[in-house]
Each structure stands twice: as structure tokens, then as C-alpha cells.
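This is the structure I have questions about; it appears just below.
Chain lettering (A, B, C, D, E and F) follows the sequence in which the chains are written, and residue indices restart at 1 in each chain.
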């Protein structure tokens, strides 16, 4: 019994000593060199891997930032706070505004008329490409929710009106929906912005044509342009555009818009 | 006390090693052809986990970070060897039918995982409770799988005939394809359960928020 | 003659019998034309006229600088009533010049005739552009660009396959105007300097051969022009398929016919060329087939560009059974575009309008792919539609590109043969757009 | 203007008349001769077996999709085909409940778990068969003489079994009532032998297979290579190639099961390799393996390889070999 | 630096030393029991075959069949005189090697056959080892049981003088082959025994 | 012949993953891509052979003569863990190309139970050194084979509408079940 224990002890002590020694030694020789900055930056990123920054996931962006190949404010999802944090780590100035995505279409199922009986693949891009869209309005929302599918932040859902609904609390302003929508219906708007906005993208200047296709759209009556006391609204390429430098959010345009497609941004977000 | 109970609960359901964390799968499939094997394996695992967690938790202050892995291995291997020999000596049948899987406890990801993630950082009582919870969590799943497999594949439960004599055992379930299939169904059941629980929790949280408002 | 062909393809029902015997009729004068400004493939052009202005038939009414532009001509004499956005045959809206027909002093404003074989090459190309000629069998590619290739051309191919079911204009044109057709081919050969010309037509049109042979003898100017028979199979008329069938060469991926020494021209385009030189007539009217199950009196018609199809129907030239109408298609049934109504103007490349009955237009819901492999065998480009579909459905754009989504010519053969009625072409169209967008983005990032 | 809204959809606007359901019904039609012959050989028992598997297959597919709130798919008739094929590959004496269990396994586990029609990587009917073979080996390896009725004790080895056991030639001939080599082959061809319900008459199976070929439901590649390579490798391994083709379920498997769309490669090159390899595995299992018959496993094993064979695509039209990065660099210089 | 590594080594060694010492204790404590377990099944089977025997003396025998290997052989003795011989023989069967214990008495008849190891299919070949699976239901004879009392000179042909397990001809033949080989070797041993005396 | 027998049995008939349920963690984890599974498979093959070459002599030449066979588990696992470390260090420094291809798999290998199982079985089966090496190659190639096959099935699963309740790991085990069922055909291939 005792001999066995002794032999065991001798053997194991020798083995363990050698191993422990060797391990410590090896760790010293083959120290892994990796820029610790990368990990630091990575830790400051939200980790949604949404690709909004234009790099392959958060890791890719972290590496790019750490090696100074990318500015610190590219993470749209993280917004200004992340940009600041990242900037602090790599030691540069950050300038980023928190954005949210606003849908510029009010053509609900009832209001915007269907063009025919669309029977192709149920995606907005498919409908647009093969049938020029499913609605009489060539600019309106197709309602198949391509945007909903790409939103990584669960901020979009398809409302029962057939239009996507943005949850402004969750929207990170990453812009995926804006890029995906074949009708280019989303506007990325700074969270802090106040003022009015038209929620219609129909650029057909012919009033009759608009009325025939959508009961909610902008009919080019230009009431908003006329009524604005600050004269800050102008028709650009068929739709009214607000100059936010001048807009005071007085609400006159909203009041006068016959189809109620002019809104104040605050009420959109509510 | 509540804290310990919570730790215990984690292992049994919420962080059940087999179902939720999906580690240590090999033994779970290999020895679940009969309930007695499953119990044996569960006990052996729990024993090794308990002893190792106690040791490591107790000595966590003196184990240097850079050689902690070899030390963990030494400790786990020692207890594995002990249970191996004990089973060979006193439960020879069981030991034989579990074959190489008893020695393989040493590489079972569950133990290494718990030791590294829990015992090395927590106090001894916590470690004890954690290992018991994890062990029990591991065991009940094993027994569940084994019961189903043994019942369908052999018509018995823990060796006693429970199905009527006219029942024709479906040998598929005692063989490896059957094991994989039953395990798959178990996991999917659990994913469903997890979803249900998460939903319930979310609903609760929502309700609480509304109350507050 | 042994009929040549390509690998793949399918045999949709031909349905040409209703119109193949009917001569091309000129539509009765219309009151109004709606001329889409941009009918060519390339950079947009601008209107040269204002509302209220009087224009003469053949007068240039829109143009712009740039290689990839083609001028537009008034197709009737009259007054410009409006310039506005209208729904077009491609299902999008676009600017159109609306002309109220009326008497205008001076009559037609055609160009002076020009001898294509005597003038210089530059003069000839300028004439082709000035006449507003674009490809009339396909995408409306500016013909003068096609006729100025940067590589030597060995053969000009007259695409007389007319593989689309229902359509019969090309066949009728060859029967009625074989001389103008053959001369157009000769002119093209002269301009690109090709020593040989081939006329490729499907076996179901073999009856036009004697007429063509005679025309070659009379108006072929002794050039090496031959008629070749092709198997009747869709899409025999796709230029890539036509080239491989006739020359055995494949147009390299991403390349053009000129990369294998070919120029391909549609029958209508060739006739338009002859008219542009011999009569000085710009492209102001075109022949087309109006047919389909819901069309109780189908016709081959010659109509001014910009004529609204609804006006043709209203004039009684063709009769439509409204209650049976299920789908209106601009173009052929395999590649045409389904439109929501027919108050839509004809364009330079509108080779037909189909009024399909509800029964013909029967729609099938997409089923799961059963991996039958029919699409793989039918694909005219030897792609793997079933695998492409899988890759695109799971959003794997890299795999889709590797399998060759960008090489798909959208012929629709795969969708036609698919027993599960999977919308393969539509998905590929979307996929092509997405892959291109991705490549662009990557190229930008790389820079 | 039109009375109803017009249909808007992508081109093409015409569709071929071949639909999924028609294809499946064609397979059923092609299987009818063999099925009827099986019922003729084994009486009403054969009919019940077919009914049991079909009912179980169709019902389980319907119920499964109902439970998952998925669109019903029974209308495409693929479950019908699976059920029928399963019955035809079973020993006629298989207890009905067993056969039904196999059908449920085939449909639910092998097909619906993977997403239903076309998504299954393994041949459902053969998974059902392999499951039964593993679960109830005794029942699945007891065969009956035609016309003898299904009596418990009256089991009789199939010709393949006899060969596997090294039985003398005379016994082999006697098992099909033949006197010499020629009439032995002839009897095998006609189908007067014990075996699975639908496989015995090579003549009728071939007739069905040729029908499928004629209708364009299947291509020749797979059946041809399976049969050819089974014969070739059987011969190379020292077995009688003609006997190899006429015994067991090779012909049946080659025409009806190796050709299953969902589990065979899509491309022609893939199909050729697939068929060749199936033949090899069949011959190996028959020669060396534990089973007298290797068709089930030959096909199942190759089902696993089939996703890789899908990569053997044709060169696309106008294929240009991608420039090697090095060459590209040089070109840039 | 070296000192630091040495320290790591020492700590590891300390743990290893304690662990190994503990193991040694457990090993010694369980050694005998394990050794005893190993021979248990064999011993019980031997006792079962030769109930009167007092001791089993190892003997070495050559297998006449190259496919069958003899792992051991024991001469059963009572009061110094042999009662018979038991051969532990293995041979390939359906699912791998099977091990049988074949007992032969001095009367040149099989005393009995015990299946020590069998890896064949449960419900089929493995029925060879099942005490409740009968080849002859009426007489309740199991597959190995049918050999008891058979003279070793018999032809041992499956389906003629040996009843096969249902649908398991391969197993039946494989096991019978082992029995036959053991019987043959026992026969020559008995001859030598007789000759030697 | 016996070496061939050992090989075929370990590769096909008693496949480590499919029939013996070993190395499942990495089998499930590392098969989302065919290339990945091949990389992991070869990495495991390499380490298994090394481990066999190291542990067989240690057991038969050191532990057995010293009557220390009860240290088997402890010594083997330590040896394998150190081996993996050493290989990793070595490759990183000297063969960076190979390291880039294989390196990411190495840490996963330490806890791969198949390797340890092979070293134990070499002993318990009483294999000679050569037999042990052949066995270890066969087992790890069996692992490679199973991985590649699952990776193939996963190509199909990726593009399929798998029902929600079996999505993810469950369907992988269902697929494994069917692969194992198909492997049933190899049973008795060598008797």
C-alpha cells in the first residue's frame, strides 16, 4: 500500500511539476499579441451585428475603428452615446445625431386603391419590379413588409392598416429599412427635430391622377405652401418640403391640408 | 436561503445543462437505454461535480489563474477515477453497461463549465447547491429520456416489465437512431417550454409596469 | 435543312394560328396619341416642344445629347395638348407628350432619302439615330449604338424566330414585305462590315422561305445571306440562344454578341431601317399583334407609336369580351408585362398586346419545390433555377451570384415548366437587383 | 374597361399543364400493375396492407399540418405515393399496425419535420422501411410463398435469402418452381417468388418504370446506372449479375425509389454518380453485409451524399472561368 | 522568471500529489473486489455446468477451427479425478464475436452450453442468450439448452439436428460452429486423457 | 485483414458519432458549413493520432510496469490537454498557414470526448501500437465522415421550411437519427 502511494506521489509530482513549469514558460514565449483596443471598442458597441455601419458585423467595425480605418460614429444603431464612447476609446471627436425612421406614406389599405389583383411573390421589391407596384399610386407603400423583415431592432411591424408601423422607442435609426424599401419611403430624421413633414411621396403633379389613386395622398393643392406664415414650405419635385431652419411648428399647414397628410413630427412620433 | 434555492432551481430548469445549455450531450444519449443506467450515470456525474466544485471553491484563493485549467483537470480526473473504481467494485453490471462513459466524465463539458464559471468564483455552500442542482437537472433529463426509450424499446421500466405482454418492443428506440430522435423531441419540447416561460415572464413584467403606471 | 437549336427550352402552346393568316391592317386614324418620351434603353431625353405647339408627323419632338440616346418623333400631325406623367407599358409612370391629331400645314416631316450603300458609314449611323430607331424585338436598345461595334463582326443575324406564342407580326412582315426586310439586313451588314448574314426562323414559319429566297435574289445586293431553320422551341429568339444555335458560339457571361462577332436584329427593326433610308421615314409607327382568348377578333395591326390600346379597342379594330378578360399583357405571354388596364400607349418595342381570358390567365399558388429538375433541364442559359431559388429564398446572395443569377435572361422558361408554379423568374429579377446593389456597395466599400 | 380587376403578376403568363399532383398521380398509376399483382399473389392481405400505409401516411400528414397550422398539402398526393411505396416494399405478412407505424414515421419524422414535400433529405418510404426493419427485425424478415395465404408458420425464404445462406442450386430453383437456369430466371422475371408485396414481378415493375419514362416523370439516368452498376459490381464481387437484377427489389428501387425527386441529385452528372454508387453499395451489402438485400440502404446512404452531388452543375451558358487572383494581378500590371 | 514558473509547477504538483495519493488509496481498497467481479460470471457458469466439481484447473487447448478462438479451458475435478472439461470459446456471429462456455462430460456428450457474451440483434440473434426464448416452445428448450446431452460426434447441422432461432440462421450457425469446435477439441482431449491413463 | 477490420468497423459500423454517441458537442456545433466540418475533422484526426502515439507508450511502458494503471484517466487527459496546447503553440509560431486553417478548432479539441475515448479503448481492447494507431485514424475519420454528412444535410435544412418547434438543434438530431438509421445498412459488413 505505502509503496504504491509513494510511487504514485513521485510520479505525479514529477509530471505535474514539469507540466506546470512548461505551461508557464510557453505562455510567456508565445504571448498572443492582439490590439486590446479592438476588444475595448467591441465592448462599447451594441452587438446587434446589424451591418448598419457598412462593415461585416460589430467585430468588423471594431477592428476598422481600432485601426483608424473607420470613424467612430458609424454605428447608427448605437447612436450618439455609442459614438461618444467609441470616440473616447480611440481618442477622436464624434459627431453623430440620433436618428429615427419616418414612413412617408399614409396610403392605408382603404385609402390607397389597388391597381389590379397582384398574384406574384409577396415582397415589395417583387411587386415593384414585376408589376410596378400593386397600388394605383406608383410611389406608395406596397405593404408586404420588406422593411419589417430587415429591421434588426424589432422596431417595425406591419400594422393592420397595411402600412408598416415604426416603434420610435425601439428604432435605432440604423437605416436598414430605408435602404431596403424599394419605394424609398423612409426618411431618417434626427430625433431632436421639430417641424412639419408631408407623409406622402406621390410625385404626380396632376391632381386628378392623385385623387383617382389615393384618398389620403397629397393632391398638390399647395394649401400648405400658401398658408405657411413663415413661407418655409416649397414644392420640390411634386411634393411639399419644409425648411426646418424656419419652421416654427405653428401647425397652420397641418390645419389646412385637405387630406391631412401634412403632419407635425411630434404627432407622428406619438 | 432564498438565494441558495434560486441557484438550485437554475440547474434544474432554467440553466439545465442538457436541455438549455446543451452541453455534455454524449453521455446523455449513450447511457439512456435504460433507467438504471441513467440513474447510475446521473449519480456518478453528480458525485464528481459535487466533489470537484467543493474542492475548487474551497481552494479558489490559492489556485493561480494561469494553471487553473490543469488543476481543475487534475481534480476532476481524480474524482472520476474514484467513482470509476467504486462502481467497478460494487456495481459491476452497471459499470459494464456504461462502459467508457464513466471515465469520460472527465471531459464532460458540464463539469468543466460549472467549475470554471461557478465554483472558481463562488463560496463553498453556493458551490454545493449549484452542483446538486446541476446534477439533479442532468439526472432528471437523463431519466426522462431513458424512461421513454426503455418503455418503447423494451417494454420495461428500470428492468421491470410494465407494458402488457402483447406489446411488441420497438427496438428502434434502444438503438442509436432512436436515441437521437427521442433526444431531439426532448429538446424541442424544452425550447417550447422555454418560450412559454419567457412569455409568461414578459407578461408578468408588463403587468407590473402597468401597475406602477 | 436540319433545324438547329440550343440546349434547354420548352414548348409552350403556340396559339399563332388565329392571326398568322391575317394581313397587317393599318388602324383607322386616331384622335390622340400619348407618346412616352423615353422608349429606348439608355439615358433620358427631353421634350423639344411645348404645350400648344403644332407638330408634323415625323417631326423630332424630344432629344438629348449623349451616346445612349435616341430622338423621338411625332407619330401624327397635330397639336401638343399636354406633357405629363402617364402609366406606361412597363407598369411605371413616365413623362409623355400628348398630341391631339389634326391637320397641320406641310404634312409629314420626313428626312430626305439616303442611299445606304453609297453614303459613308458615319452618315449611315447618323441616319439610324436621327430616325429614332431602337430594337423593336426586345429592350429597345439604341440601334445606332449596336451598329457601331468595337469588335469585328463576322455575321449579322436577322432574328426571325418569333418564339413567343401568340405573336405573328414578324411572320406577317416577312410575308408582306420580304424585300424591305432583306434589304434592311443588307444595310446592316454594310454598316457593320459583316461578310455574312443569316436569317434564323423557326420551323413553324418555314412557309415564308420561298418568298425570302426570292427577295434575297432581288434585293440582297449579291451579299452572302442565308436562311436557317431553327427548331420551334421557346426561347429560340433570345439572342444568346439564337447565336449558339446558328454559330455554335456562346456569348461570354457579362459579354455582348459582338464578343463572338455577331449582331442580332429583329425583323421589325430591319424593315424600319430600310424605311429610314429609302423613304426618310423615322420610326413613327409599328406593326403588332393583338390577340388572346378574350379577344374575339384578333388582328395584326400597324399603328402610330403612342396610340392608346383603349383607342384601338374603341375604334372596333379588335373586339374584347370584357367579362372574360383576366389579364392584359404587353408583349408576348412568356416575357410580356401584365398591366392593370389598357389605356396605355404603344411603344416602339410593343410587339403585341394580349387580352387573355380568365381561363388562359389561370393563376396557381406557389407550391414547395419538389426538386423535379424540370427547370434545370429547361433553363435556356443552363443555370440551376431550383438551386437559385433556394439560395434567394434563404437570402444567400453570394451563393445566388455564384450559381449565376446575373446570367439569367428572364426568359421565363423555368417558371413555365415548374409543376409547383414557383415564381422563379420573378424571384430572380429581384435577386439580380439585390446582387447588383450588393456588388455596388462592396465596390464602394473597397474604394 | 374590364369587369373585374385584372391579374397582375410576373411573366411568364402561361404555365405548363404538368403539376405536382399530376406527377404524383402518374407515379401511382405506374405502380398500379405491381400493386394489383401483389394483391393477386397474396390476396386481400396485400390490399389491407396498402390501405393501412396509405391511410396512415395521408392521415398523419393531414393531422400534422393541421396541428402546426400549416397549409394542408394532402392534395398534392405525395403522401399517397409514399404510403403506397412503403406498402409495396414490406413483406406481405407485416402486421397492419406495424406498417401504419412505419408510414407515420416516414411522413412525420422523415418528411414533415424537414419542412414537407421536397424538403426531406431522406427518402421517406425507405426511412419507414428501415425503421421497421430495425424495430421489428423478425416480422420484417419473414417471407411468404405466393398464393399460400398468410399463415404464421408457413414462412419461406426469398431467393436472395437462400443465396445468402448458401443454399444449393436445386433448392433455389425449387423455391420458384423452376427446373433449370433458364426457367429460373424466367420465373423471377415474371414474379412467381416470395418477396415484398410489390417487387416480385420484374415485368410489371419495368412496365411501370417505362411508363414513368415515357411520361417524362423520370429520366433514364438513375435507373440505368443503378441497374448497370448493381450488375457490374455483383459480377466483380463474384455474384451472378442477372440474378442480382432479377432478385430482390433492385428494379423496383431503381425506377421508383432512387428516382425520388426530393432525395436524388438535381443535376445529370450528379444523377449518374448517384446511381453508380447506389449499385456499388447494394452489391457490397449483398455480398458482405448482414442483410440479404441492400437496396434500402444503398439508396438511403446515397441520399446523404445527394446534397453534395447537387454541386455538379452544368457549365452555365457563356461560362467564363474566373480569373485567378495571380493572373488578374499580372493583368493589372 | 524561472522562479515564477517553478512556483506554478509546485502548486500544480501539490494538487496532483494529493489527488494521486488519494487515488492510490481508492485503488488499493477496490482492487480485490474488482478482480473478484471479473471472474464471477465465468465461475458461476462453470459451477452451473459441473455442479459437483470442487475445483477447476486451467488447461490449454488448440481450436480445430481457425475461425473459433479458445480463450480458456478448465478441467472440472472432484476429488482429483476429472469430471469433464469446460471450454470458453469465441467466434464471429451476426453482430460481432460471441463467447460461449461449452461443457463436455467424460461420456463424450455435451454437458451444456452457456452464452457468456452475444452482441447480436435484440429480439433476433440475441435470443440465443435469452432464458425465455425457446426454439422448441412445446418442450421449452432454449437454443443453447438443446445441446445438453448431445454426443460431440454429431454433425451439428443447423435446421437438421440443431434447431435454429427464428429468422436468425446466421446466429444459429455461428454459435453452433463454436460448439462444434469446442466439442471437437474436447474429444481429442478426452482421447489424450484416456490414452494417458 | 485484422487492421482492415478494425478500420471498417470503427469507420462505418461503430461510427463514433452515429453509433457510439461520442464527440456530439462539436459534431452539432461545427457542421454549419462543409469546409468547417472538414477542417475540424482533420484537426481531430491529427490530434487523435498524436494522442494515441503518446498515451499508448505511457500506459504500456510506464504506468503498467509501475502498477499505476489507476492514474490512466488523470494522466491521459493531462497529456492530451498539453498536447493540444503544444500543437497550438507550435503551429502558431512555425506553420502559420496551417494554424490559420486549423487553429480555431484546437481549443475545442481538448474537450472532445472521442479522443480520450480512443485512448482508453486502445488499452481496454488490448490493441498493439500499430492497431491503436489504425484504430485512432479510423475513429477520427468516422467523426469526419459523420460531420461532413450532417453538413450536407444542413445544406438542405437551411433552405427548407422546417417547422418552428424542431428548428435549430432538434432538427439536427432528427437528421442525425436518420443518418444513423441509414448507417444501419453497414451492420454486419464485416463478420
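By our rule, a contact is a pair of C-beta atoms (placed from the backbone, for glycine too) under 8 Å apart; a residue touches a chain by one contact, two chains touch by 3 or more.
Given the structure is predicted, the values throughout are model-derived calculations rather than measurements.
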Relative to subunit E, chain with the most remote C-alpha centre: C
Geometric centre: closest chain by C-alpha means: D
Can you tell me which chain lies farthest from subunit B, using the average of the Cα atoms as each chain's centre? C
Interchain centroid distance [CA atoms averaged], subunit B/subunit C, Å: 70
Chain centres from averaged Cα atoms put subunit D and subunit E apart, in whole Å, by 44
Could you grab the centroid distance between subunit A and subunit C? Build each centroid from C-alpha atoms only and quote it in angstrom. 41
Two or more other chains in contact with one residue: find those residues in subunit A. 4, 8, 11-12, 15-16, 19-20, 23-24, 115-116, 119-121, 126, 129-131
Subunit F: which residues touch two or more other chains? 70-71, 74, 78, 159, 161, 165-166, 171, 174, 177-178, 181, 184, 187-188, 191
Can you list the residues of subunit C that touch 2 or more other chains? 91, 337-338, 340-341, 363, 368, 423, 426, 429
Note: in the complex, subunit A contacts subunit D through residues 114-121, 126, 129-131, 134
For a test of understanding, state which residues of subunit B touch subunit F in their complex under the given definition. 22-27, 29-30, 69-70, 73-74, 77-78, 80-81, 84-85, 100, 103-104, 106-109, 112, 175-181, 183-185, 187-188, 191-192
Subunit A touches which residues of subunit E in the complex? 1, 4-6, 8-13, 15-17, 19-21, 23-25, 27-28
What does subunit A use to touch subunit C in their complex? 54, 115-116, 119-121, 123, 125-126, 129-133, 136, 138, 204-206, 209
Contact footprint of subunit F on subunit A as seen in their complex: 4, 7-8, 11-12, 15, 19, 22-23, 26, 29-30
